[in-house]
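In order of appearance the chains are A, B, C and D, and numbering begins at 1 in each one.
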Amino acid sequence: MKAAAFDYIKAQSVPEVLALMSEHGDDARLMAGGQTLLATLNMRLSEPQLLIDITELTELKGIEIIGEHLWVGALVTHTEIENAALVKKYAPILCAAAPHIAHRAIRNLGTWGGSLVYGDPAAEWPACSIAVNATMVVRGLQGERRILASDFFVDLYTTALAPDEILMGTEIPLANAKQVFSFQELARRHGDYAVAGLAAVAKKTGQVFSDCHFVFFSVATTPVAAVQAQSLVNDQAVNAELIAAAVAAARAEIETMEDITNSAAAKSHLVGVLLERALKKMLAE
Amino acid sequence: MNKPNDLAGLVLDPVTADQRYIGESEPRHSAKRLLEGQGTYVDDLQFPRMGHVVYWRSPVAHMRIIQIHSAAARNLPGVLAVVDGVQMATICKPWVATLSHLAGMKSAPQHALAIERACWQGEPVVAVVAESRAQAEDALQLIEVEWEELPAVVSMLTALDPATPLIHPELGDNLCFTRSLNVGEVDAQFAAADVIAEATFGFGRHTGVTLEPRCQIADYNPGDHRLTVYHSQQAPHMMQDLYCRQFGLAESDVHVICKDVGGSFGIKVHAYPDDFATVGLAILLGRPIKFVADRLESFTSDIHAREHQVKGRIAATKQGDILAFEIDDLTAIGPYSMFPRTSAIEGNQVVNLVGGPYKHQHYRAQLSVVFQNKTPTCQYRGVGHPIACAVTEALVDLAAEKLQMDPLVFRQRNVIPDDAYPCSGASGIKFEILSHEQCLRTIEKMMNYTELRQEQATLRKKGIYRGIGFAALIELTNPSAAFYGVGGARIASQDGATARLDPSGVVSIMVGVGEQGQGTEGIYAQIAADAVGVPIADVRIITGDTAVTPYGGGTWASRGAGIGGEAVLLAAQALQENILRLAGAILQRDTAELLVRRSQIIDKATGQAVLPFSEIGRIGYFRTDTLPNDFKVDLMVTRHYAQRDYPFIFTNGVQASYVEVDLDTGFVTLLKHWAVEDCGRVLNPMLVDEQVRGAIVQGIGGALYEECLYDDSGLLRNGNMADYLVPMANEMPDIEVAHVQTPTASSQLGAKGAGEAGTAGAPAAVMNAINDALMPFKVKVFEQPITSEKILHALGKI
Amino acid sequence: MELNGEQFIAASVPVVWRGLNDIAVLGKAIPGCESIERISPEEVHAKVMFKIGPVRARFAGKLLLSEVVEEKSCALAFEGSGGAAGFAKGRSRVELSNAEGGTLVSFTTEASIGGKLGQIGGRLISASAKKIADDFFQAFAKELNPLANEITDGGVA
Amino acid sequence: MNPKIPIEMIVNGNRVQAEIEPRRHLVDFLREDLGLKGPHLGCEQGACGACTVRVNGQIVRGCLYLAVQANGKVVDTVEGLTAQGALTELQDAFMRRNAMQCGFCSSGMLLAAAELIEQQPQATRAEVREWISGNYCRCTGYHSIVDAIMDILEAQREQTE
């Protein structure tokens, strides 16, 4: 399995990338970690004319606190997130999720931004980005704009990123002491595409949860928030009845999609199981 | 005398004087280079003028080839040739894979490259050769084949229906082979039985996924018309014979070399269409041609196995005695029987092996082997054993449950007693000597069975559902000519070894059985070192070269240790005799006064070393002038061994699996696995342990993860390593292995095979453990792989 | 793979029917359509760039119309070859019926994806097919009635 | 289209220069151009781990990394690390435990194990299993590989106590 021939440019600046993108359009593909793209090229399921290697763009790197936000650059690798003290402190669910992404050798190259812009429905980061209420910072020739994660994933493998735009990074509101979270993933083998997963984040005061985000992945064509379950739980004291109601709501509101070995019915069932487990875990914290 | 010892089995008498290596966990010295990146696998070889071939394979299950357009491909830079089936057929004969002792078996002629029709997704149709692999793939994209899709036979359940189209009209139906066996009075026994249990079992299609794909380099020298094939293969002499027959070459002009092989498991013991096509290209182009299957084509072109549906019944008395088994096995093998071993063996094995460990006398089996338009199936590690064992052991558990007997106690009551041998099983298979009772005693101790049951009960009260599953098993090893030879397949059951004392005193051993990672070369070195009497560091093993080693069958049916090892022992013993005779001549002493110890000739009387091997080598090769005129002895001897006492030497063992089932998710966690293995004399416990463990994990793969999934039109939906789930480290349990040693008397070594029993027993043990965990809910799952989806279904949660 | 669904389109049955038979409209509505030509009243050829996630595959395909009942229903047989990437083929039955303020298009489709795409894409093939159908009807509706962009998505079961 | 691109990198301690097609992935470059035999190709889709090599000290999938990306970087394979003695203890443990059969996965397995030992010295048996679960071995059943890695981890811990 050898990729078809292509040209290769190692870009030195964002303007250069944007110029190349507008010049070559869909004949060019951006390469960050390349862990999805290169497999696709090896199998000749995509034959771009030009590969634009953006891994040298320092603007897209780094994890830092900027004002009220945790900045995670698009080129930050899964491994860097897994090990980052800042992430552990201000967006801990990301550290919990990272080990579920494939395997170390892939996490060493695969990037936060690459995963977000592919918008694979089975991927961990899109769901997490919604759960932590991240804002995508994207740049095009017209300049920079910000897109809420909850508005970013519009359809199967389709995001709000315009073809001539590039994801610079994300701004994540800093988690405070009240934040509780639970990351739940069921995969047949560690590192596989999930059968079903849940990124749950909430603020907790006593038994009362607020600002709930229950975002499921690998159950539909995009990561999907259980909006009704969230509003049921918001500002209520969590108890067995409320959990049962939330579970029922989540199962009812999410239209699940079968995959190669798991039926839609099984995924609906698992949606409830994961939510119940997450709520109990967060309650126990 | 061999002394019984309950946990260790028999403590065996040594095979040789001064035995230092046989029976010890000696590391595989020859494998160190593999850990240093210094192996030599086929893809590591490069030759001048070497071309790389890729194959255009049928994208559909069944099609008529209308026209092939290759001009654009031919014109690409680097492209050397584009060859179709018609051109290939001018130098390579078609074949039909049947065995005469499988009465009534039929198949159709198959070509190296498809002509007129392609009959499965992945069948090679056009060969494209270029100077580099990438160029060949560039050209492959420009090959345009006009094809018309033909109706495909997909489901084996309807393959024999009159409405179903025939894959090979000339055969009259889609039936490859059928067999009925009826022993004793099965109906009467079931009529009289106090307890009858029955179930229908499903087994998904597997494939081997050797980490190193199938690969070869064929090099034909037009000058002397000699063909050399570097092949990642288990049976070099078999391939030599097939190449010379299909291409009309003289046996002496075909040279097959197997260097390091990156895993085989039966995947690499067959003759594939692309094997012949690659050789044909080397002949047509007069240059070396390399074929390395990529992973995507491996999934559709490597053999598959184990697509079976089995209906089974068991009858027992209320006292707990098994009376009879009955099975009906339906299996599908793809559009052709695989060359040359045929694809009817697996089903035939299921018929032979069901009920194998038990002493019932009544047994009925029906087997139907049907054609379909999917990748051909054939012998893959365990050949039929995993199916027969899963069916048998699940039925045994069902009967025990109805009788409210402990499944271990029920087995202990019903296995053929250790003092009953030699005897025959109900299916007619001959047992020399087995040790079911001792193995069951051993595993009971190993796993602290009583405590484990208590733990299970305690946890159950807390809502944690764990299960314990057993599998008693038999495994066919050390085959005689009854397997293939009698059926007309030219696959040697005998094997040979040559032992040579080199001038420096080093011993070189050349063996017909090769190494694919099991450690065969390691045990041969152990045997040779002990039998000749040298340090193991002074032994060199040479395998996998038809021009160098004695003629042999290679690696299959767990014959490496029992057959190849015995040949090495005989050759090494003969070499030591000759060394002693030469020493006698040199020292002018009666050889009876001398013996060999660690590369030295020792004076029996004084215990003094009187002559080193190096001196024997020097005189034997360079100073024969100093020896008496009438004296002659060879420092290189060859011996062959064929197991002729029984059709096969059966081994036995028992496995236990401990699992936890998550009732909410249907996920299964494998907590622990135990195996007691009796492969006769254990030549190297460390190697046998890892053979058993690797085989168990391969069995677990089929029980929980692996299945080739096809859609309704016969297209593979998960033919890649992200979606075809092989077992990885994280989900696999620790596996404890213990040995019982009941040597076979059919050889001096007493060794039986150990490579496949793990695969035979694991699926049964795991399935039984899962169903034991589900017992409180009165539900069972008999469809492998057992996925969370199936468990949630069984539990009524979805 | 089965793909069944209903789609409401805010245009009258005759308009929708004309649209389904107008290769100019189809050309704009078929996602990734690069060229389309009518070979005969029953046969249409098209080149389509299939884009989903990281995958790009150019398909050359044909559509065969049959069982045509004017302004009511028809059967479509389609097959497309993506070369080394694989192929798609199938049959679809389309029925139009009057509905409040427009037309209800209901379709039942049997499709299979072969070659590499099918071998690798199994995980998301039906989701991808659904997306393509959705995208098609979105664009189709826009073409017929640029004002009525608001589609009440009947969903694809 | 795709002129060859000049690259320069340190492979196993040696500076190498070459002109290659951009499409060539790192393992093809190491194997075909440099004649190395340690990194293997098992799937070319990043699933099996047989191609694992080190780039700038981190393990990567050599089949999902272009040779041109390695331009200016430091690449190590099992051959070089063996020569440096960086894997000696692990290799001895693998020998002792027979933690390999056909050997095709071994170079990747060793490199993955080495990074684990460096980064998670306190790893438990379960964590070792999780870490190496990106490296496929069809032969061993993994048990002996986990044993071998645990031997090294435990030996290290004893030393540091």
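As a convention for this text, a residue touches a chain if its C-beta (ideal position, glycine included) is under 8 Å from a C-beta of that chain, and two chains touch if they have at least 3 such contacts.
From a predicted model like this one, the values you see are computed outputs, not experimental measurements.
S.K.: Going by the contact definition up top, give me the pair of chains with the most C-beta pairs touching.
M.R.: Ranked by C-beta contact count, first place goes to B-D.
S.K.: Averaged over CA atoms, how far is the centre of subunit A from the centre of subunit C? Could you give it in whole Å?
M.R.: Those two chain centres are 31 Å apart.
S.K.: What's the distance between the Cα centroids of subunit A and subunit D, rounded to whole Å?
M.R.: 28
S.K.: List the centre-to-centre spacing of subunit C and subunit D in whole Å, with centres computed as mean CA coordinates.
M.R.: Here subunit C and subunit D have centroids separated by 47 Å.
S.K.: Can you check how far apart subunit A and subunit B are, centre to centre, with Cα atoms defining each centre and the answer in Å?
M.R.: The separation of the two C-alpha centroids amounts to 44 Å.
S.K.: Could you pull out the residues of subunit B that touch at least 2 other chains?
M.R.: Counting only residues that touch two or more other chains, subunit B contributes 134, 141, 294-296, 709, 717-718, 720, 722-723, 728, 730-731.
S.K.: By residue number and range, which residues of subunit D touch two or more other chains?
M.R.: In subunit D, the residues touching two or more other chains are 21, 23, 44-45, 130, 133-135.
S.K.: At which residue positions does subunit A touch at least two other chains?
M.R.: 1-5, 43-44, 189-191, 193, 260
S.K.: Could you list each pair of chains that touch one another?
M.R.: Chain pairs that touch: A-B, A-C, A-D, B-C, B-D.
S.K.: In the complex of these two chains, what residues of subunit A are touching subunit D?
M.R.: 1-8, 10, 34-35, 38-39, 41-43, 49, 51, 53, 55, 79, 99, 102-106, 108-109, 189-191
S.K.: Could you list, by residue number, the parts of subunit C that touch subunit A in their complex?
M.R.: The touching residues are 51-57, 84-85, 116-117, 120, 122-124, 126-128, 130-131, 134.
S.K.: Which stretch or stretches of subunit B touch subunit C in the complex?
M.R.: 59-60, 121, 140-141, 149, 296, 299-300, 709, 711-713, 715-720, 722-723
S.K.: Mind listing the subunit D positions that touch subunit B in their complex?
M.R.: 21, 23-24, 31-32, 35-45, 47-48, 50, 77-79, 82, 87, 91, 94-98, 100-107, 110, 125, 128-130, 132-146
S.K.: Under the touch definition given earlier, write down the residues of subunit C that touch subunit B in their complex.
M.R.: Residues in contact with subunit B: 1, 83-84, 86-87, 89, 112-116, 118-120, 122-123, 125.
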